[in-house]
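Each chain gets a letter, A, B, C and D, in the order it is written, and its residues are counted from 1.
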């Protein structure tokens, strides 16, 4: 296990380094932040001044060297737009995204696993068909549709929930519910497929012969065996969520890292982009590691 | 002891196959009504994609600011207006039909590119030495962490805005999914005995990979691809605003949905019909891929040959 | 009529499949009493397991359907009993031991957990269940039971897993234990141990034992009465001795005559130029030495059997010869050239000359390729063998050669029985016109009568085509009828090597003798004697 | 880094606490204002940016003078009580006394000097210098309540320019600040980035105490959500909702937002150097058809680059009529003269410029195509768009029509005309020495003469040069909770003075 972790840390370090280099140079091909930060009518003097202040006049390689040097001192640079350390900006956004992702993925996993397992118990049955259709619609419906309709129905018409924003637990319900839908459909499909396969396994026969009840067969005997592919997909979905949920963040006024990333890219706030990518990549890396560990916990055969 | 393995019923199956492949396939399709409906819908979509712009191209562009946002289910202005009209008074039915072409081109293009490249890399990563496999996997990690919007902006600046480049951007961002799935499956399948049997016969690595391993991986890839279709159709519109994708008066479903967004409260039909088209297409593809998964597998095919009872 | 502990009356079960309704068993009746061992003998597809599945409520309905009959347990009909009640009988009153313990044990839970669960399900307290689980593991003879409780199924050997299964079946001290092919996958020596364990346990608890098997030897070893099934029907019943010595039904006769190990032995001809000369081959996996200085010669057209228990290195030998794995050291001269050091390109030519037939034809045939594709793939890879125009014809020829029909070419592997599949695998090997075929346990997964047919086929090919065979097996009787020379292996070393007659009639090594003694003979009287001998060796 | 981690932890914890949703502060004197664009800086010298200005300008930080864009009061005193011109270059400002900053320090001339120096400093990237162009500004403290401000070269509208410079205390560092200190009626008490900004009323403000005690600003990019928030009572004022959501006459009010929507004609490429083609462009567009359909009914047709409330606005200029026949004739005429009228013209728009910009652009494209021009539409995101909009123009471009918005609520055309029309103007699509001269003269002029000169320029540009296709004076919609008394005006686009918000 220690070897696994060590190997992962090492290889992820290289991925991260490659990512930083790529993003650093590629993003600087995409235009001049000075023109975006300053008003259209800015004088040449103002533009020059801005570039001088932010070191944009130096050759790219010098800028890169400086960036790496600062990075080695854990300095991620200043945000152009917010005039404060980029890493602070990113951490604030990431904290929200992380919570949103964690809550959503936890709920999705539970719901998809329970419903997917029950659907798989009688493939082709009414419950199965219903679950499949609902999940497919969920997986292919445009999410802003769902978001706006949800606001109109639950916040405006019924006034059960706040429309948007942050502050109380009630504010979390709609964003989580909307974010829930897409991965739910996907994971449900995987759970179902994997469970159908596991139900055909011989150990299910043994359990029946032992007199074990259906509930226990589904959730104790079969589920754990069926979890391996499911965990992979949950991991992929969680990774996607850690990158931020732009539409949800935009509509619900949720200050997450997704919108931050988009805004920073559009405004060419390179330091924030880089810091955000590093933080999310790191989070994804940690999560992948956790998934490998979960593999080992779930399946003793992986351990040896 | 599996009972089905040696049941004498197998001989009749062979006869079914002798009746000719196409008839057999059609017969299997006929028995699974869901798959049949899905196929019909997809054929309609393909027809729209091929012939739509020819048949209704002009109608889809005829603006009429005074007849804007006309509600659906009224044929007072002709049956083109049965789904209502958009904010420029253009009839929605022809627009949905015409948009099928660009939508399908982009979605199919992106999904095909990403799945083919991803599957190839995954095959290499799974079958080649572990060092090569690791390098490819790390590459996938990098792509996965690279924000697609940044990629799009980079492409926009380095290359010119075009539909082809849009497809490239969409394809690149989806490669890791296929790559990782393929690799995982290959790692498992390469252990199987029939792969060794082929090796013993002297089959080249290429033959083993493409003839023996790939066919086993394809059903899983197809399932992912169908779900990706929906994703790509929606993602495409979010990149269009950068200027790299389809530009009006060209139209896609995704673009129609995102344009209709601000009218959700006042004229729901603007976003509804193209959204419905996306949902139905995705569902049809998914149903068809489930059916194909069974139909392509000789050991499962009997399920379809006895009727749609257990399409599990 | 006296009440039996368990009685199956006029049971009929059918399955709905692609080709219509198939009768799995029709109108079968048998009974089992306390303290008695009943064997149901039959080959795959005979329906021998169906009644057991019906008893345990393991038949999936649909596609299965019980159309007729009763299953009386202590006089009450299980088939009309509510599901909940039946579940309380399963595992508590009637328990089952399955054939393949690796598949039938849940891989992700510890052995202890699975044992305890059985008892918890039936209302035992956790502490008591754990204590009893430990006792059971001790009783079935698992080494260090405390540690075993915390281990997972994959950490045990096949024989140990079967012991775990037995412990699990015995957990609730059931009245009846059903054992479905409990020893098929095991080495001969282990098989003997497991069977005697079952025997002992039966004596201790007085349970009724229902043994489902295809092996006459197993019947001879343990059964009190035997029921012979074929095609879903009972063809004969009686004591093992009656049935063996005086079979009434033609099927029984055929089955008995097919039992291996009683034909004439081969007398190898004089030795000439060796086709393959192996010397000092070694292969280690970490600290474990799979091959430890193996050397032998093989003549053209010769059949050499390699026998040994699992872990003896016999399969590793085959894999190294085929370069599926690289040997650590040693030489293997193929017509004078060392095949262990051949380049990729040279190896390609070698592939034509040395072929392999694998143990499990289900897995070694690509399920998505038709028989035609499977066989003709050889010529796709080696186009110089045959022009494409002649493929069709040649496939038909090969199919005929292995006893299949030309129309089989269109079908897919899963549409064949196990024996037929192995024939396809052989036809595929023949397509390359090899000079040596390595058979790795090529017949051990097959039914007795099929085994005999396949061996006869191989023998015919050897005679007609002068192909040499390396025949790897764990089952000695099979080897006896077929091999010119026999090589006995243990822990990667060659224990003994000689002609078939030398090995079978005058074995020089203890280990060889022990292997021979562990084999089960279909004749109950012979087997009775052999058991006494075996016990003497052990003592 | 360590601090960042603590921040992360704190943010994680903050979400855990439970409470009922804060419903509208009905009886209270608190308001919630929902803005469409987040605030990334709270820097007084950046308050000319509308997202910052709406929160900060005149609420936290005040200026010496204030221009009344809505009424006709012209330039009004704010922190300066009066001003007079000393000579051509120098103006003297007499400052208000007994004014305190929210940090308790007194306001005096040193603060003004520091504010000007800071805003113009090369160590900061303030927006302020852009309004002064190449003019050099020197502030000289006469006494604590008097300051002389000198412009080099002379600047006719120096007092007006002083309505742009926000006043900060003299100890404000010369770097971007995130906690603005000002003399205004409010002080910032909380800023949760991305979530909200809270302003609270000061007890020691020099002027009349406004009614609103506490204002909370929240940010919603989606205008439909902003509208819904006011509807449900979660917010009181949403200054920019979409026209499609403005369905409730009781709460929703239109107001001119000082943006002019126009298309710049690129005279550098054929066929747009030909005046007939430029006229045809103007005649081809049915401006009136847009009004009440794609753009709100309150929209007026633009006849100049600046809104009608600007100095020198020429009321005699009439919008171009819709006359496709004449447009076609002009195109044909040009064609007959050998002009390459078939050359491709790229119509360039900016995504998200306003909610339905794409549809508007599509409609325009279709109208231009109808008169026989070869027009392609291409939308860009903001960075790429700005690249194309500003000079230098790409040499290999096709002829371009760039659809853009321009906002000038400062009351004087000088903030627009040079940039859009002077040969050296960074967004000018043509070069005309007469226009250059007219701009220079008007810039230097004062009083009535100034207004007249601007008027003449507008007429010349529209009638003789046909410099661009002017389209609309845009309007926005605000949704206001009925309990609040607030009337949005043309100023609302750049500032939102809480003192103008009352309760019913």
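The rule we apply is simple: a contact is a pair of C-beta atoms (placed from the backbone, for glycine too) under 8 Å apart; a residue touches a chain by one contact, two chains touch by 3 or more.
Every value quoted in this text rests on a predicted model; they were computed, and no experiment measured them.
Visitor: Quick check on this structure: which chain has its C-alpha centroid closest to the centroid of all protein C-alpha atoms?
Guide: Minimum centroid-to-centroid distance belongs to A.
Visitor: Please name the chain that ends up farthest from chain D once chain centres are defined by their CA atoms averaged.
Guide: Following the centroid criterion, the farthest chain would be C.
Visitor: In whole angstrom, what separates the CA-based centres of chain B and chain C?
Guide: 45
Visitor: Go ahead and note the Å separation of the Cα centroids belonging to chain C and chain D.
Guide: Their C-alpha centroids are separated by 86 Å.
Visitor: Can you give the whole-Å distance between the Cα centres of chain A and chain D?
Guide: Spacing between the chain centres: roughly 37 Å.
Visitor: For chain D, what residues touch not just one other chain but two or more?
Guide: Each of 224, 381, 383-384 in chain D touches at least two other chains.
Visitor: Send over the residues of chain A in touch with two or more other chains.
Guide: 30-31, 148, 152, 266
Visitor: Which chain B residues reach two or more other chains?
Guide: Those would be 153, 156-157, 264-265, 309-310.
Visitor: Of all possible chain pairs, which ones touch?
Guide: Listed by label, chains in contact pair as A-B, A-C, A-D, B-C, B-D.
Visitor: Which of the residues in chain C end up touching chain A in this complex?
Guide: 56-58, 87-92, 95-96, 98, 100, 103-110, 117-118, 121-122, 152, 154-155, 165, 168
Visitor: Name, in rising order, each residue of chain B that touches chain A in their complex.
Guide: 134, 138, 141-142, 144-147, 149-150, 153-154, 156-158, 177, 180, 184, 223, 227, 230, 234, 257-258, 261, 264-265, 271, 275, 278-279, 281-283, 286, 309-312
Visitor: Going by the contact rule at the top, pick out the chain C residues touching chain B in the complex.
Guide: It is residues 15-20, 22, 24, 44-45, 49-50, 62-64, 99, 180-181, 322, 324, 347-348, 351-352, 354-356, 358, 360, 363-368, 370, 377-378, 380-382, 407, 410-418, 425, 428, 432 of chain C that touch chain B.
Visitor: Quick one: which bits of chain B touch chain D in the complex? Just the residue numbers, please.
Guide: 61, 63, 65-66, 68, 86-88, 153, 156-157, 161, 240-243, 247-249, 259, 262-266
Visitor: Show which residues of chain A lie in contact with chain C when the two form their complex.
Guide: Result: residues 201-203, 205-213, 216, 221, 224-225, 298-301, 304 of chain A touch chain C.
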